[in-house]
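Shared between the two complexes below is chain A, which pairs with chain B and chain C, respectively.
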Partner chain A sequence: MPQKENKLDNLCNLLENIILQHGREAPTPGQKPAKVDGATALPPPRAGTQNAVPSTSGGLPASLHSALEAGKDLSKEELERERKARKEAKKARKKGPGKENVEERKETQNSGQGSAPATTVKGSPVKGAPTTPVKGAPTTPVKGAPTTPVKGAPTTPVKGAPTTPVKGAPTTPVKGAPTTPVKGAAAPAIPVKGAAAAATPVKGAVAKPVKVAAAKSATAGAAVPSSILVVDLRYGKESSEQAGVEVAKPAGQDSTAGKSKADLRRERREKQEAQRQAKLALKEQQEEQKKQKDKQVVMEKAKASSKAKATGEGTRKARVRRASSRGSSERKVPLLGHLPQYSPNPPPHQVNSDSIHPAVLTVGLKMKYGVVEGATARVISMLAALKLFISDYRTPESCDLSRDMADKLKPNVDFLHACRPHAIAMDNAIRSVKHKINSIDPLTPEAQAKDELRGAIDEFVGENIILASSTIATHATTLIHDDVLLTFGYSALVCDVVEAVVKEGGKVSVVVADYPHPPSGAAMVQRLDRLGVPTYYRLVTDLSHIMSKVTKVVVEAEAVMMNGAVQAMCGTACLALAAATHHKPFIVLCQTYKFCNIDLTDSLVMNELGDANSMVSCPSQEHQGVLADWRDTQNLNVVRLVYDVTPAGLVTVLVTEQNVLPTSAVPVIIHRKYADILGQD
Partner chain B sequence: MRQEAQAIVLAAGPGMRMTSLTSHTPKCLLPLGTLPMLCYPLHLLQQAGFSEVSVVVSEGQEQRVGKMVEQYGLKVDLDVAVVSTAHDPGTADSLRQIASKIKRSVEEVVVISSDLVTDVALQDVLDQHRSRGADLTMLTSPTPSLQTTPPGPKSKTHLNSDIICTEAGSGRLVYAVAGGDYDECVTLQSSLLNCAAPLLLSASTQDAHLYVMKRWLFDYVLNKESPCADMGSLKAEILPHIVSCQFTDHSSNDKLGLSGAVEREEWDDLVKKYNSSVVPSRHHSLAHLQPPVCLTFHHPGLCVRANTLHTYWHLNRKINELFNQVYPNSEWQLRHPTAVIIERAQVSEDSVVGGGTMVCEKTNIASSVVGKHCRINPLVRLSSSVLGDHVTLASGCVIENSLILASVERKCVIKNCIVTDSNKIEEGKTYSGEVLEATQDFA
Partner chain C sequence: MAQLSEREFIDKLRFEKYDTEQAKAEESLYLMECIVGSVHWKTGSDLLNLLRNVGTSVQAKMPWETTPCNMVQRVIKIVIDEYNTLRGENQGVEYPSLSQSMLVDPACGDLPKCTEVIPELQDRVLEAIAEQKAEIEQSQELIAAQGVSKIHNDEVIMTCGMCPLVLAFLTKAAKQRKFHVIVAECAPKYDGHPMAKALCTAGIQTTLIQDSAVFPIMSRVNKVIIGTKTVVSNGGIKTFVGAASLASAAKFYSVPLYVCTPTYKFSLMGCEEISHESSTSIIPKGTKFSPSVNTALTKLDYVPPENVTSFITNNRGIAPSYVYRQLSELYHPTSYDL
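Up next is the complex of A and B:
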């Protein structure tokens, strides 16, 4: 069973990525509370009204359109006012309005909603269809979804739907939903995500569902997605639930339950009902807590909140519009706004700057332009630059070396970060250098102190990289002998392992799975070729086929988290998933200096945005420029994440220089290794 | 603190391709727009953040060049070195002259010619140089096409473009010679063809005379024991030599001294081993690049060297349009506020008038450049012409498409002429298509 749960986890992560890739409303601070609401199944009045309006009024697309238009035309002051009102409302809600208020609101909500969900549930999408004369492609979303679950873009999801949510839904949502509704961090079973996904459209990520749908029916014209959007809006909760299900589809649970459609539908409804109730209960609990926490209640604010809710619709639309109409360069990808945005240009710098050492500048530029890639290479080149920085450093008269050098180091480190966000390994290396600087006795003469520091850096590289690599190779030979290995992209560490195995007389052959942006695996193939190892070069898209042929999967990690999750170049997690499916051991190589005392369960919280343009620029000439102007396409987001996270459960074994370890041993290593430094943090 | 780069402007060139102009004024001080030519490279360096610039000038010019910075509001400190003109100094001689002034702590040396007018951002060139780990970066640009015809007797306008061969993709420079030296055939070494990547050979690309060199390479070039020791020209001799060094086997060829001079970064091999980058550079794990790594930075935009009469004339005529590109963020105005233009004088929009100039009434100035402290008397018609500094045009002159660096007598008609000596002009005469310069023989 744990195996199963792990798989579920992975699916969740995948799901998340998919949602990500297709873009969604960013969890702007303003919306977070709303999300909580949604998760706790008060599909707030908005949803209710939304539902009600469309189901009753016939000419949907038109009205919606006009609404959008209206949102567009709202004057700025109005927008401003509305936003303020909403903010206040949120505050009020956070602070926890008085009991009566809450009661009141609940009542209104219930009444407002009571009818809406009821109708939707009873009326079900099928009924909704005739009443809603959807213009664009009314057939696909409306009919297709509920009745024929095996057809078309929006239908396919239904396949995965019955199995996944039914299992997970009733059990986990209670736990997952309220605590971590945004990221679904802790072992989030699918339903949670389903709920979150469902909540978003309700909340008025008006344009967003389009993206999910649009991306799915990539071939279909622009008209189809927009019509899908309309439908999503209409059905409110109901259809958005479907959206959640839709998202579940790609996770690839092919086990179609042999139930009839009606059964499916009933099941789904039951499950939804259960979820809703669970959420409601939770919400009540939360409200109670909030109330106790904060006794300040302002009636006006509550009123304002209700007002804001009424006007919220327009504001939301306006915000969506604004978000999409922002300058192409600064357009933030929804949900990924917290990550440092990619910029094609290096940070501004001047020749002969006083604060940034030229060697650091050079390394920064090399990282910026991708001349130095990979955590290990970046760490080494950074440390080489820091050594030069230390050599050229002169202590001013009135200062301690340790204090002043730390100050001088800061702009350099910041510059490196501005060029490209640090890899976790780099952070660790910097921390150890800083630690060394801080621990220098102020009485030490400058020359000696500098020697010590340079020596410490040499030692760091020697121990953690050079020695560690060879030790890892030795350890790995105990695991690998006559094998067909699968690896991903370029990894010097994997090369070392293969070399060691070959030296021991093992008969290995290696399949290098590669990803075309950038094709780093080509270099890997060349190196392996020089070793005389039979090598196959495949694209990672062939994974399902390759996996049955290989005996072991070996990859190098960029970082290993406290909870055993492995951060590696984007694409590694697919290998892990496929390996788990085919019951192939998944071996991760990692030097312990890349261990990190953070828990990470998904690829969202900590990641790096790469150059999205590198994805849309297709190497083949005739397809060049199809998506070149993607920044001008309103609803399209192209996202390139640099890393992904493989959950600990998918990692068979972790090969470090200390030993061959299970992932559960990571915290021990971290505590032992960083005892001195961690204590300081 | 270690410095990143130091800049050298080579301004000692005698202007061999425009001798009619340089007999009075050294080339680097010839007016371009209302500024001396040297201001342009200095401004380029200033824009990139250089606060100190070394300038090599020929004997006797150090005073004027030294004063220039204040005069034109530049914010760089000039360090002027002098090279004697006795033996017709080459660019390499100029560099040797200044070698002692290059600081030990500098990582890169930027060498730039005083006649370069370009809108390239020097910072980009430096960035590429550093990020790709190059030892030498050369700025290249398409050979400019010039629509204007210069004044003076008609001559074959021969723009010397260069023959430059680069590796496609990486932009690595594998062959570079001056096109003028090869009229019919160019011989390429067969070792060039061993480069895996396809090669791009272009005869329509010019070397813009802006080089960024690693310190060790600069030292090697100026080392008395290196094969470069007796080379006179940076472009014609030293550069091809450095480029060809990329293909020699260093291990067997120790007498060159290059392998000993090569400065390697610490842990270079280690970085190379772990690097998964696909960007071609010295750090690319597949790279077969041998030091010295020579790269080109191709700038497709404006890049003109005012080293011939033709380009000089072209730049002057177009300076009105180009000024904001090639001289950005400066307070200098082409039509200077201290110029006095009588209201009844007609000065067209595309004309440039320098500071302290007096334009009297009933004059007509169209698409022309008028230098500083000129005096244009009444009834002068000036069209498509360039006036130097301190030129007086007597009343009644008609001047078309001419380059005037000396005062002109009354009622002259001058068309398509270059005037550098006022003694040559008589009142009321008409000149066409001539070069009116001081002849040497009367002395």
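Up next is the complex of A and C:
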């Protein structure tokens, strides 16, 4: 890959220059980590997991920072090289005279305060550096297009940009538009040129030149950043594109002692240019989304949600760009912008990488396409895949099994999450597995450790799922005798309960309420029918007429919250409401491993968005496909919620394997049984 | 216009040839115009009997089609009023309404005897029916005009299924207000889809959700606005399937529920009559149930008056507890049991 090699070359050269300059200017240690950040953010732009980008860039600055500080002594040769490179760059830049003059003026203005902000920001860039490129990276395409003309970037990437640079900025006018193109644009320039994201400390430090540069480039409407020019000339003389906007002028500075600072600033500005233009490649899409957001801004909680949206949106965009070039297909729904969006494509992964176990891959895809549905099934299949993963795991040399396995486990878990957001029960299972991994004594031999782990998983499944289900069925038979039950959709646990009751001799009929997306109730009806139980099938919205015949409402939960609220498939809350209106008991069946420490007030705080297209192709012939092009229609959103939360007040009783409980007992059970696992993360 | 016979009208009703309730109301008025305009009657009583027959036959065959019956009763009231006015004029300065109310006993269950032959009766009745027609045609605009006062900026409004009145209400309000509408699909007809399409083309920010998501999303909703098929005599409504759960969710979260109805939907019917329909339309495609499985789907859902906040009608909003008074203004007491 020649392009990669070039970039690696650039990297090396960059590092040299960094070392050069580091020796010249004492008070800019913060810049290197930033530069290095940008540089290192380049190598893994391929379709790895999102975490690859932040993790590598975050990991490196620390080590490189120390290395750089060690290399404070510069050799004369390096200095010479640098001076030559700068001269060349200056010549190339002389193409845009007018702008250059302005830039020069800027330079002289800022040379004075150049040092001061640089020093003051020492602390913040270091902090900001690892985080800003990280956040910047996801928001922009890795394959950024540097040749797009500058359009007036300033307003676009306002959303949820991390506020560290703004805070660090000694000059207030930074807050608005100017910083954002810089910030957001950090990532695109990186892969494009392999240039260091020295922009980061700039955001905090030299606010004014940034601002002016940004404003100027915006007004100038120049095409390609001269930064590309400069970099090319400096690092390999690639084809120079139009000089366009002048970022920094070394002309006046060549002879002065503050030259290196000016150079740095120049570099930074060049980089910003490139970044800004790359960012503008996304401008169209962002503007459209921004318009929608403007409309909805009042309805959403102000900062928190917009921040979450920005990062979520950024993640979404990055993934989209890697997978395929789609238009504005991923759109945030008002009121629900904080929920994970649905993507019809499986998450991108490398084919021959060994980070994701094939069993996990299979399970992930099955979950994505709905082959494996329901919390219990998902947990069981996930744990089975993890067992295979553990079997195939080999501890590398000089590594602790527990730590290394936990590290290797992470990408698998993340892949599953990317396929389909974890059910809360799955989170609990993963936590208990991790807990077990952590508690393995480093001295145990590998085979024994693996046996222990596999045994622990088997025990988890056996105890918490299989045994629990049969115990719940037994407990439920104390509550249900001759009844007409109402239930929702397909639930294995409810089937078990009905079987147990029938075995005891009770006369039970079951009304299955169902909703067409997804029609899980049909399978339930067929299974119950085979048991010989009289079954009724109704729409979940049509309950008021059958409620007079129903005596008890029984459902299975996906998770139970700490405050007693019950999360279940969307539609269960309708049953709870009907039960309350007609004064029937509402019984919830749930194994205790599904209890979790979150307190949910309503269903929209934590939820999942399902495939909206299945809703659009609705069963009615008359109206099918009316909204087929809903993604392109402005003002229109189609939302399909997967879960809903029944408030604790509507739940009469909770049947678990430990006992038949009221909802107020949930935190006690969590504390008693799972505090060590659920409390930590 | 060609003459419409009673039988034709009933057939049309039965085969659901009418799209909206308004069309039904207009057609039934037209039918009665034909009856009044014909020469089959001489006295007021004859006319009343003719009209009553129309009403009873529609009610017998399709008890849930209340709009035509409402129109019949409205015309009956018009006839009785005109008759009394004319008779009062003929006889001098009597106060016809006073004498009428003294002479008529609603419990006797029969229409008053209007035995005098008054030549102007036909013309006056036809005039009044024409006025009634105009009122029906204007009802949509009048209801829509109240939208601006009911909806404010940045509100989230929920609706369910398609109702042309609600659509007019929301689109008119959207010209002056910026708000967000959440449309529930309304299975099994799924007419939430064309409603969402119509709303978003009108420039309103719309979201389509599944019916089962009504309860979760209700916590974010400011108002619920729906249409209805019938307003029953106790102030409740009989409307599309799913309204009952929508209304209970609204009640749970204390969200006001507004019903857009013109006056021709106010009916003397009680809430006890329910119609069931055995339907296979709710079984998902591709699955087969054994015949022992009972599937059914109702035609109409009943929402009790406690769950309704207000009715938005032609001239003003009225509370469910005031419906009985509205009924006594619209219909004649003796026609309550046809």
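Basically, the second predicted complex is superposed on the first by the 346 of 681 C-alpha atoms of A that agree within 3 Å, B and C clash if a C-alpha of one lies under 4 Å from a C-alpha of the other, contacts with A are read in each partner's own complex, and residues count from 1 in each chain.
Rule of thumb we're sticking to: a residue touches a chain if its C-beta (ideal position, glycine included) is under 8 Å from a C-beta of that chain, and two chains touch if they have at least 3 such contacts.
Because the structure is a prediction, the values reported are computed rather than measured.
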item	value
Superposition on chain A - do chain B and chain C clash or fit	fit
Partner chain(s) touched by A:Y536 [first = chain B, second = chain C, both, neither]	second
Which of chain B and chain C A:T581 touches, first, second, both or neither	second
Touching partner for A:F460 - first (chain B), second (chain C), both, neither	neither
Which of chain B and chain C A:A522 touches, first, second, both or neither	both
Which superposed partner A:F595 touches (first chain B, second chain C, both, neither)	neither
Contact breadth on chain A, by residue count: chain C or chain B	C
Partner chain(s) touched by A:T362 [first = chain B, second = chain C, both, neither]	first
Where chain B and chain C come nearest after superposition, their Cα distance in Å	8
Interface residues of chain A shared between complexes with chain B and chain C	519, 522, 526
Chain B residues within the chain A interface of the complex	1-5, 48-51, 105, 107, 122-123, 126-127, 130-133, 265-267, 270-271, 273-279, 281, 283-286
Residue ranges of chain C in contact with chain A within the complex	154, 156, 178, 180, 185, 187-191, 193-194, 196-197, 199-200, 203-217, 219-220, 241-242, 244-245, 248-249, 252, 274, 276, 282-285, 287, 289-290, 292-298, 301-302
Residue ranges of chain A touching chain C (in the complex, touch as defined)	295-296, 298-299, 333-335, 514-517, 519, 522, 525-526, 529, 534-545, 570-571, 573-574, 577-578, 581, 602-604, 607, 615-616, 618-620, 622-624, 626-627, 630, 633-641, 644-645
Complex contacts: residues of chain A adjacent to chain B	346, 349-354, 357-359, 361-362, 365-366, 368-374, 376-377, 380-381, 383-384, 387-388, 392, 394, 461, 465-466, 489-492, 518-520, 522-523, 526-527
